[in-house]
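Below you'll find a set of structures to go through.
One chain, chain A, appears in both complexes that follow, with chain B as partner in the first and chain C in the second.
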Partner chain A sequence: MPRALPTHDVLVIGAGLAGQRAALAAAAQGVSVGIVSKVHPVRSHSNAAQGGINAALNPGDSWESHAFDTIKGSDYLGDQDAIEIMCREAPEEILHLEHLGVPFHRNEEGKLGTRAFGGASQARTYYVADITGQAIMHVLYEQLMKHSADVERYEEWFCTSLAIDEGNRCVGAVMRNIRNGQMELFTAKNVILASGGNGQVWSPTTNALICTGDGIAMAYRIGAALMDMEMIQYHPTTLAKKGFLITEGARGEGAHLLNAKGERFMERYAPNKMELASRDVVSRAEQTEINEGRGFPDGTVALDITVVPRKRIHEALREIVLVGRDFAGVDITREPIHIKPGNHYTMGGVKTDINGATAVAGLYAAGEVACVSVHGGNRLGANSLLDTLIFGRRAGEHAAARAKRIEHGRPSNQTLEREERMVSEVVGRQHGSGRRVSEIRRELGETMDRHVSVFRDEEGIQTALEIVRRLKEEAASAYVDDRGAVFNQDVLGAIELGFMVDCAECSCVAALERKESRGAQFRTDFPQRDDEEWLKHIDLVPNGGGPEVAYSEVTLTKWEPQERTY
Partner chain B sequence: MAEYTIKVRRYQPDGEDVPRGPYWQEFEVELDPTLSVLDGLLQARDRDDGSLAVRCSCRAAICGSCGVKVNGQSTLACLTQIGEAHERANRMNGNGEVTGGDSEQGELSPAGGNPIVIEPMGNMPVLKDLVVDMESTHWEKMRRVTPWLLDDGDPPERERIVEPEAMVDITQTIACIQCGACVSACLSMEADPDFIGPAALAKAYRFVGDPRDVETRERLYDLAQDPHGIYDCTHCFSCVDACPKGVAPMDQIMRLRRAAGEEKINDRNNGHRHEIAFTKIIRKKGTLDEAELLQESYAAGVGGKLKPSKRAIVGLAQSMPTAVRGIKSGKMRSIPKLIPGVHHKLPGDAQEHVQRIYEHAEEHKTELNLYITGEEEILENAQGDEPPEAAETGAPDDRMGGGAGSLPRTDLVGGGAPGTQATDGVPTDRTELVDEGGARPTDQADREDEER
Partner chain C sequence: MNFKLKVWRQSDAAAAGEWRTYGVSEIDSGASFLEMLDILNDRLVVEGERPIAFDYDCREGICGSCALTIDGTPHGPRQVTSCQVFMREFTDGSEIIVEPFRASPFKVLCDLVVDRTPFDRIVEAGGYISVDAGPKPEPNATPISPETQQAAMDAAACIGCGACVAACPNGSAMLFTGAKATHLNVLPQGQPERYDRSRAMVEQMDAEGFGGCTNTGECEAVCPQEISISVIGELYRDYRKSMVHVLRSRRGRMKAQ
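Presenting the complex of A and B:
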């Protein structure tokens, strides 16, 4: 008997900040909304955003100043029209969150208080201790529970593929209910991807295990262009062994970076902003110290938080006290902690316009999965939460408006069958015939961290690309142990691996293509920024075996590129 | 690198060639002792058996996915170091304590000692292996407390102006990552599955403590009147020990009770009157006079002025079966104790000490939480005020001991003494903790002011 398919005007895939904000914004327009997530929404990786969210809300601040800092931070690769929108709309969004109940830090007058953050000319970062992302996301989830009549939640459903119609419009997606293994074709007038980044392609990374680039790969596979995929942020302060994040808020509160000789080495790299220069600048400085033998034997430098008053540490950096204690055995209030640059954020992603629309009709993207591009070559700290919320809302509103104008499309009949066959094929692979998923995943992560990281060159990237292409083949035959339907995480891991190798291939191709140094892409064989040749985005679309390279203009409004010093 | 044996309680609802019901399986893993139990589980999954199901994502105690029981204790797998879990498994063996598994305990792992026992969380149905159904339990209870801000519906143009301390205060409950460890550990919920429970009630405090919420009284009334609400908590501290984020759910429940008391909500569960009676009797007699407690709870003002209302008489009469059961089971061992007025006094001037504790508590009503002060200050103060051995007693338990992330509670009303300070066999009841042993918030604040 045919069952009723889940059908929505707007289907959001991913339920971190961007997804939840998009769903709430779309629902506010009175359309039917579904939100799907492969984990329970509060497990989403937006949790990990510790430091805060930027907005020019203080009387002495201006959105133009915020925009300029962002553009300079992006090494002029950010699209200025999108950056203007983000910075203009930021104050309103902060107030909206405050009204929903986010317990932002207050100053003595009881008004919203700020902290300093990297690459910013003013203290304009609003925060909840050092759990800002978690606090905002839990408050948005409160709103999802409140509006449960308007937003249908599909928690622990895994999207295996987007569905298109004959006109190549996105008209739904295929989902697997993780709890019982049931595959379903969801139809939707619009799909908003909000499925996060692909940090797991690198190892170690600050990113959660779920950040496997699902949305980036699924969009790419149906022909949506990817942009700025070479721009991978290495965060300056991550724990050496596991890659866990120490918030930039620590430096915002005044912490120092020291090499093994005890020198505040940032004096040599960014004499004005010191530890609060842009992340790419600080990460390169650290890596230079380490490479030139001034780091510690474990390949690290030190972050000294003891200079921050202890009372302030407890109030503002509580999570870091715990991370230090539980994962490094260090009491950060008493001794410096060893850190190094570590994979953190994907500036690139699915190319969108200022409303989150991608090149594929009916498909939107917002948050880390997307590339608007507001971050260009390097994202400023505390701009990622802002990006998720502003463009999540805009995508939700725009998709809702579009839904009111159009009829439901018809996904191709074969879509669901194809995905069901794909899953059975994975489950049915001969045991021991290929490699284990976990082995391939480890080799992929180590390869990317070795060759496509803080410093890159042609030889290294080429090596990485060759390995990635081999791993892509191996991934297609990697076998799994679990043949059950209930909570089969094994089969999901195999599908995720497929997404990851696609993302890795794109990052390698783009990094190889850009023959200059800009933002997070530092080519030792091309150490200068080259605005003549390379003030442009690299766009990638699938073409048979691999990505095909195209270029698109960087939108400049009123800020001409200039030399970037901190 | 070291070798460990992890013993996992498994359940494969649709697995091939496996037992139908739950079963135990051991895995040998090899990793650095400072890595986590989760790392051990993932290694077993990666190398030996991809069908081993465990929710996990961040690996850093932020996402709240990997709630499990390790050696019987509810915690996050990622926050429990495998070396410590191993040591604890062995210690428990030596003490002859049950480690949470079944009678198969005691097998030696190759690394020596007992295996590390890993089970799914309690109080929630198991879906597969270590994956439990939080939706029908944890989240259902969460939705019970109207978990969103109820504002006046008319937000100002700018932000609402609120006391900075109020935001810091509720940040402690905002720090909850919804991992379910407290729900898993909750003894009250084991007895009463309908108990709203520690996580959801902590969430309720997040709104009750938020000055922007306008339905504070309605929320408190609702939670006080519910027979499965705030007075259903038996004050056992299990949730506080289990919580990996220092939320101290029980403390939030106690704050809800105090707030309900301040709102003069006389609940139908008699919870509020019971608390008043309890503290009043201790103040007067130093120890609990059970006979008087019952009367006082139903008809305050015994001692010559007893004028019980009809409701009180009904309530007392309904308590009789409990009293009889108490005598029969041996819980109530001294029959004369049932006679009001016959109750021993404390020796010497002990009662005066009790009085002073009360006075101190009333004087220092500041509530502290971990976002205001850290454990180090408590220890330092303890070291400053006390001989070293007392300070040592006051040191926080080792990490494994308290569900890996346990922190000394510093938010006790009236003194801020950490709960771990109980010495000389004194029960860890909060009213008895305000003696010399702990930090005094006012002193501490003064000292910090000087530092600045």
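Presenting the complex of A and C:
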């Protein structure tokens, strides 16, 4: 008996900030919307965004200044048309959020207050203590509740693959209900990917366990190009062992970075901006100190927050006080805390235009999964929340408009059967047929962190690529223990591993390809930026076994590349 | 370190569920409680037993996914989230009891995983600001004192984990509902719907089967986000005023002359 398929005009995959914003924007256009998430929406990783959101709202500030900072931060790899849009629309978005009830910080006069952030020429970061992401996400979720009649929520559904029709248009997706293991084909006129980045490919990482690059890999597999995949941000202040994040807001509030000798070493690397240079610059400075023996024995340098008044710490950095206390056993108001650069953000992703549309008709992407590219070679702190909201909204609006123009497509009949077979193949793997998922995952993370991190060279990346290709084969037979249907995280882990190795391979190939140093990509064998040859994006599309390299132009509007100093 | 774990096992929502006891040995004192469960699960699958299902995501105390009742206290004794509980806090060789967040509106879905969607429906009843029309006023035109902003933010810090409900002898969701309502009720933009919101959220809370508040204060004592019980007082006050609000609106609206 044929089952009734869940059908929507717009299907959003992922329910963090980008996904919720996209769903709300699409619903406002009056189309039918479904939003799917493999976790409950308010558990999404946008929660972890601490520091704030940038907008040129203060008198004396301008969107041009915000745009220039972003472009300079991107090491001129960001597309300037997209950056202009983001910075121009930022103030309106802040007002919108404020209006919905986000309790942004207010100063003594009762006006919106800002804090300084890295790479910015002015203090333009609006914030809710250091829980900005959480505060915005809960408020957007309230709005999603308000629209519960128009937006169908599928919580704890896992997307295994995107569905295409004969014309290679994206017309839906296959989902597994995590609660009972049931597989369903969802049909949609448009699919918006908002499933976040792939931080879990690295270990340690600041990213949550759910950030496994699902959307990036699924889009790639149906032929949407990936862009800037070599650009992986290492955040300057993460806790040594497990990679927990200490917000850039700490340095924004005035905290110092010290090496083991107690020197404020940023003087040598960024004499003007000091600790508030952009993240790639600070991370490289720290790593250089550590590599040259001026770090602590545990491979770290120190972040000294004690220079910030205690009252201010408790008011503006309270989450960090708890993180220091619970995970490092350090009272940050009294002593410096040991930190090092750690994997944090994927600048690259699914290539989209300024409306979130990808190369595959019917497929949109927004947020960390996407690469518009507003972040280029290096994202500025507090621009990621902005990216999710601006391009989430634009993708939602655009997809809704497209939905009104077209009819539903027909996914190929075999799509669901193919995915059901895939899952039963995974479940059916015999004990001892291969390595365990967790083992492969650990080797992948350590490999990428060793060779594709702050400093890279050809030999290292090549080594990583070879290991990743071996792991890719091993992942295809990785064995799972749990064969049940209810909350079977094991099967999902095996599928996620497949997504992760695809992402890792693309990052290695792109890092190997770019023979220069720009933003987060620092090649010790090519230490200079080379605008002649490399002021271009690296695009990757699948071709047989691995990614095929192509190039695309960087869009310049009014800012010519200059030398980049802080 | 070695421990004896008494864990609630329940294969699905319809199943009866039972206590099972497992030994875990050679656990690093620096391991977190969830890491200890991971180690146990790794062993269970090798032994051919179904791993213990439990909720987790960020594992740094911000997402609100994890929800374990440890030795009878939601999130354990230290007023943090379950992922921030470490094995060094327990006595070597002791027995630890692990069960899901218990409350009749939170149905156990599998082992230690409960259904917290009743919270969503409370928010859905009115825990939001409706602004669909009109220009957005310049925010600095309506100054908000830092104290007010702080009060809103303190309430907005709620991560919806549900520990307050599990800790309450009445199974009341007043701390959660109070936090959600207070966040909006103290802000200028939350004023127009303030009383309707309070009433609708409390009514939905009742409809979901949550109990009433009798000021035992257990909720505040376990809340990892340190939400103050004063939000319940705020909610009560607004809820009471909402009755008057209803009566007034029954008298009829102002008529054009």
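By our rule, the second predicted complex is superposed on the first by the 566 of 566 C-alpha atoms of A that agree within 3 Å, B and C clash if a C-alpha of one lies under 4 Å from a C-alpha of the other, contacts with A are read in each partner's own complex, and residues count from 1 in each chain.
Here is the rule we go by: contacts are C-beta pairs under 8 Å (C-beta built on N, C-alpha and C of every residue); 3 or more make two chains touch, one makes a residue touch a chain.
Keep in mind the model is a prediction, meaning the values are calculated, not measured.
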Notebook entry, point to check: Should the superposition on chain A be reported as showing a clash between chain B and chain C, or a fit?
Noted result: clash
Item checked: First (chain B), second (chain C), both or neither touched by A:G432 -> neither
Next item on the list: Would you sort A:P309 into first (chain B), second (chain C), both or neither based on which partner it touches?
Entry: first
Note to self: So in the superposed three-chain picture, is A:E109 touching just chain B, just chain C, both, or none of them (first/second/both/neither)?
What the structure shows: both
Checklist line | Partner chain(s) touched by A:Q143 [first = chain B, second = chain C, both, neither] | finding: both
Next item on the list: Figure out whether A:V321 sits in contact with chain B (first) or chain C (second), or with both, or with neither.
Entry: first
Notebook entry, point to check: Which one hits more chain A residues, chain B or chain C?
Noted result: B
Check: First (chain B), second (chain C), both or neither: which does A:G293 touch?
Finding: neither
Item checked: Clash with chain C (superposed arrangement) - responsible stretch of chain B out of 366-374, 384-392 or 402-410 -> 402-410
Check: chain A residues touched by both chain B and chain C?
Finding: 39-40, 42-45, 47-48, 95, 98-101, 103-112, 128-129, 131, 134-135, 138-139, 142-143, 145-146, 155, 179, 208-210, 244-245, 315, 319, 322-323, 326-327, 438, 481-482, 484, 486-487, 489-490
Notebook entry, point to check: Residues of chain A touching chain B in their complex?
Noted result: 39-40, 42-45, 47-48, 94-95, 98-101, 103-113, 128-129, 131, 134-135, 138-139, 142-143, 145-146, 155, 179, 208-210, 242, 244-245, 309-311, 313-315, 318-319, 321-323, 326-327, 329, 331, 333-334, 436-439, 480-490, 493
Notebook entry, point to check: Can you list the chain B residues touching chain A in their complex?
Noted result: 12-16, 34, 45-47, 49-51, 53, 55-65, 79, 127-129, 131, 134-135, 142-143, 147-149, 151, 155, 157-164, 167-168, 170-171, 174-178, 207, 210, 212-213, 245-246, 370-374, 376-377, 399, 404-405, 448, 451-452
Checklist line | Contact set on chain A toward chain C in their complex | finding: 28, 39-40, 42-45, 47-48, 92, 95-96, 98-101, 103-112, 128-129, 131, 134-135, 138-139, 141-143, 145-146, 148, 155, 179, 208-210, 244-245, 315, 319, 322-323, 326-327, 438, 481-482, 484, 486-487, 489-490
Checklist line | chain C residues touching chain A - in the complex, by the definition given at the top | finding: 11-12, 42, 45-46, 50-51, 53, 56-65, 80, 84, 109-111, 113, 116-117, 120, 123-124, 127-132, 136, 138-140, 143-146, 148-150, 152-153, 156-160, 180, 183-184, 187, 189-190
